[in-house]
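Labels for the chains are A, B and C, by order of writing; each one numbers its residues from 1.
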Amino acid sequence: MCEIVLEISDITKKFGALVATDSVSLEVKKGEIHALIGPNGAGKTTLVSQIFGDLSPDSGSILLNSRDITKLSVAERSNGGIGRSFQISNVITDFTVLENAIVAEISKSRTGLKFFSPAFQDRGLIAAANKTLGKTNIEHLAQRKVADIGHGERRLLELALALSSDPTLVLLDEPMAGAGPAETKFMTKAISKLREKTSVLLIEHDMDVVFQLADRISVLVEGKIVASGLPDQISQNKRVQEAYLGSTL
Amino acid sequence: MTFTLLLEQLFNGLQAGVTLFLIAAGLTLILGIMDFVFLAHGSQVMIGAYAASALTLATNNFYLGILLAIPVTFVSGYILELLIIRHLYRRDHMDQVLATFGLILFFNEAIRIGFGPAALFSDFPPSLTGFVFILPEAPYPVYRLLVIAIGILCAIAIHLFVSRTKVGAMVRAGASNPKMAASLGINIQLLFRFIFAAGATFAGLAGMMIGPLTSVEPGMGEPLLILSLVVIIIGGIGSVRGAFIAAILIGLVDTMGRVTLPIILRAFFDGSTADTAGPALASMSVYILMALVLVFRPTGLFPQKGN
Amino acid sequence: MNSHIFQNNHAMWAILFVFSIFPIFSSILDLPFWNDVLMRIMLLGIAAMGLNLILGFGGMVSFGHAAFLGIGAYCAGISQFFGLDNGWLQLAITIFICGSLGLIIGFLALRTTGIYFIMITLAFAQMIYFFFVSLEKFGGDDGLIIDRSDFIIIDLYEPLRLYYLILATLIFTSILLTMIVHSRFGVILRAIKSNESRVEAMGITTLRFKIIAYVISAIVCGIAGCLFASWQEFVSPDIMHWTRSGELMIIIILGGLTYIAGPLVGAVVFLLLEEILPELLHFFAPSIAENWMVIFGPMLVAVVIFGKGGIMGLLSNYFDRGRNV
C-alpha cells in the first residue's frame, strides 16, 4: 500500500581512492518527507548529485516510480519527475521572479522550440507562471528582479521552481542554509505542506527542522547509511549518537 | 626525402617548439591564474625583437643588444600590467578579448610609426654563422642550435622556479585554485605583475632570437600568438609542463608538415597545386590536432583546475 | 504584427529609416562613395547581429564567426566559378552549407566552455581559413575576382539595387532576430546565459538550444558573407582572417551586447570611425594619418574600461528607458 517513489540500490561512487558513496540503498515512499542527515563530508551532496544526474554512480541503480533512471541526463530526470532546489540558491538572476517561473513553465509544456511568438507577453504562460509562484505564496514578488529580492524570498522562488513541473519527488538540498529564524519558520511550514502533493528527500543540517518535518530519517556517515528509520528510532540509535549526534540529543 | 633532410627538419621543429614554449610559458599562467584572455602577448614578442634589433644597431654589438633588450621587455610587461591590465581582471572574457585586441592594434601601429612599415634589418654576428655537424653527413646552423639550447635552458629554469621556489609554489597554488591563493594572503597583485613581466620577458626573448631567422616587422607576433594559444589549450590552461610538451608537439607537426605535405601531395597533384596546398594543410593540421584534443579532453592534456 | 518588435527598439528602426532614405542625400550631395560605406556597415551589421544572438543573448563567446562570413562569400564565389550565377540559389547553398557546418562545429565546440570555447571556435575558424588558402583552384591566398550575383528580377548592376537588396536583408534579419530573442526559444537562451545549471535542472536539454542558436547565427553570418561577395566583387580568405572575428566582437561590444540594435549601432560607429579617424588625423597630424589605429586601439581599451553596456547602454541610461532588449 505504501508505494515507493525513489528506490536507490547499492550505488557506489569513487573519486580515486576516496569512496564517496559506499553501496548506499535508500527508499523514499509516496507522500513522505524523508530526511537525509550526516556530518560534513559524509557524502550527502555526492549522493544527491547522483540522484539528480550531475554525477553517475560507478555501480548500482536508481529507480524513479519503478523506472530505471540511472543512465538518464539531468534534463531527462527532471522531465521524469524530479524537482530540485540547490544547496546554494540557484535562480536566473538576470530575470524577474515571474520570468523565472515562465522559464519553468516553458520547460514543463515543452514549448521551448517556438521561435516567433513573444513569451513574456503570453497570457497563458503568465497565468501558469503565477500559479507556480502561488505554490510558495510569492505572487506578490512577480515583477521584482531576482537580484533585488531577499535571500529567503529567493529560496521560496527556488522551491516554487522545483515544484513547477508537479514532480513526484523533490530534492531539497539544505533549503534553510543562510535563512534567518523567521524565514526558517516559514520555509518549514511550506515544506510540511508538500506532503499532500509530492514526496520529499530533504538534506538539512538544522536538527530542529529535521525532527519537525521528517517522517523517516536516514543517516549517512562516511559514505554509508548507518541507520534508517522513524525519527524516534534514530534519536535513540546508539551508533547514530556516537557517530554523529553526540550528546546534543 | 633523405634522412639528413628529415633530421634537419626535426631540429627545425624543435627550434620552433622551444620558441613557442617561451611565448606560451607566461601566457598559460596568465590565462590559468588570472583567468585573463591576453591577446597582446604577441606584441611582447614584437617588442622584444624590435628592442634587440634597435639596440644591436645602436651598440653595434649583437650580444650587448640582446642583453639590453631583456630588461626593456621586462619593464614593458610591468608597465602594461600596471597601467591597463590590472583594471581588466574582473571583467568577463569578452571585455578582455576586446581590450587586448585594442592593445594589439595600438602596438602594431606605434611600431609602424616609430620604425616604419618595412621589416627591420636584423642579423646575427659572423661568429654564429657556422655549421655544426650533428651527424657526419648533416650540418646544422650553429645559431639555430643555440636557440634550441637557450630555449631548453629557459624551460629548465622555469620548471625549477615553479617547482622549487616559494614564489613558484604560490604560482602553482594560483594555477590550480586562484580563489584559494587569494585567501592565503599571498600578495596577489604583486604576484600577477611579476608573472606578467616575466612572461613578457620570455616572449620578448623568443622574439629576439627568431628575429634574425624570420623578419622583424609590425604584426610579427600575431601568428605566433595564435600558435601559442593552440599550445596552451592542448597542454591545458595553467600547466607549464603541458605547455612544453604541446609546444614541442606543435613545433614538430607544423614544421614537418610544411616540408613533407607538399612532397606527399606532389604524388597526387601537379607541382604548383601541391606547393600551395601543402603549407596551408600543414597549418590546418595544427588546428585539427587542437580540435581533436578538445573534443576528447575538453580541458587539455594536463588540466590544472579541480574537477 | 507583434507590438514588441517596435517597443524599446527605437534605435534600430531609426537607423533602418536613415539607411533607407540615405541614397537620396548622397545623390543630392553627389557622394556615391558613402553609399558604399553604408553597404559595408549594413553587411557587417547583419553579421554582427547574427553573432550577437549567441554572444549577447546566449553567452557563448565565439571567436571564429568570420569563418561563416567567409564561407558565405565563397559559396557565392565558387558557385560563380562553376557558372552558377543565380543569387537566390547561391543564398540557398549558403544557408545549407553554413547551417550544416554550424551544426557540426557547434556540436563539437559546445562540449567546452569558457576560455576553451573561445579558443576552439578560433581553431575551427583558422582551419577553415587555411583550407581556403590551400585551394589554389579558387585563387588560394590571392582570392577570386567575381561578378555580382544574378538575382533574376533585381539586376545588381543597376544603381542602388545592391544597396536596397542589402537593406532588405538587414531589415528582414533585424525583425527575425527580434522575434527570436523575445520568443520562448529566446527566453530559454537568455536564461541559459544567466544560469545554465538551473535551466538544465528545470528539464531543458540546454545543449540543444545552444546548438540551434549557434546554427542560426552561423546562417545569418553566411548570408551576410554571400552578399559581401557581390558587394566586393571579390572573394579571398582575407574576409575570414581571425582579426575579422575580433572586429565583429568590437562592433557588438561597442554597440552594446544586450540590445537587439546594439550590433547595428556598433557597426555604424565602428565603420564611420574607420572612415573619419584618418581624415581627422590628416588635419591634426598628417604624418600619422595612415596609422589611425594608434588612436583607435586605445579607444577600444577605454570603451571596455570606462563604458559598460556600450553605446546603447549609455543611451538607455540617458533616456532611462529601464529595461533591456
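Everything that follows uses one rule, which is that a residue touches a chain if its C-beta (ideal position, glycine included) is under 8 Å from a C-beta of that chain, and two chains touch if they have at least 3 such contacts.
Everything numeric here is computed off the predicted structure, so don't read it as measured data.
In this assembly, B is the chain whose CA centroid lies farthest from the centroid of chain A.
The interface holding more C-beta pairs in contact, when B-C is weighed against A-C, is B-C. Between chain A and chain B, the centres computed from C-alpha atoms are 49 Å apart. Here the spacing of chain B and chain C, counted between their Cα centres, is 31 Å. Centres computed as Cα averages put chain A at a distance of 43 Å from chain C.
Contacts from chain A toward chain C in the complex involve residues 52, 73-76, 78-79, 84, 86, 90-95, 99, 102-104, 106-108, 111-122, 125, 161, 164-165.
Across the complex, chain C is touched by residues 31, 35, 37, 39, 84, 87-88, 91, 93-95, 97-99, 101-110, 112-113, 222, 226, 229-230, 233, 237, 272-273, 276-278, 280-281, 283-284, 287-288, 290-291, 294-295, 298-300 of chain B. Chain contact summary for the complex, chain C toward chain A: residues 2, 4, 179-180, 182-188, 190-191, 193-195, 197-206, 209, 212. Listing the residues of chain C that touch chain B in their complex gives 55, 61, 63, 108-109, 111-112, 114-116, 118-120, 122-124, 126-127, 130-131, 133-137, 140-141, 242-243, 246, 249-250, 253, 257, 288, 291-294, 296-301, 303-305.
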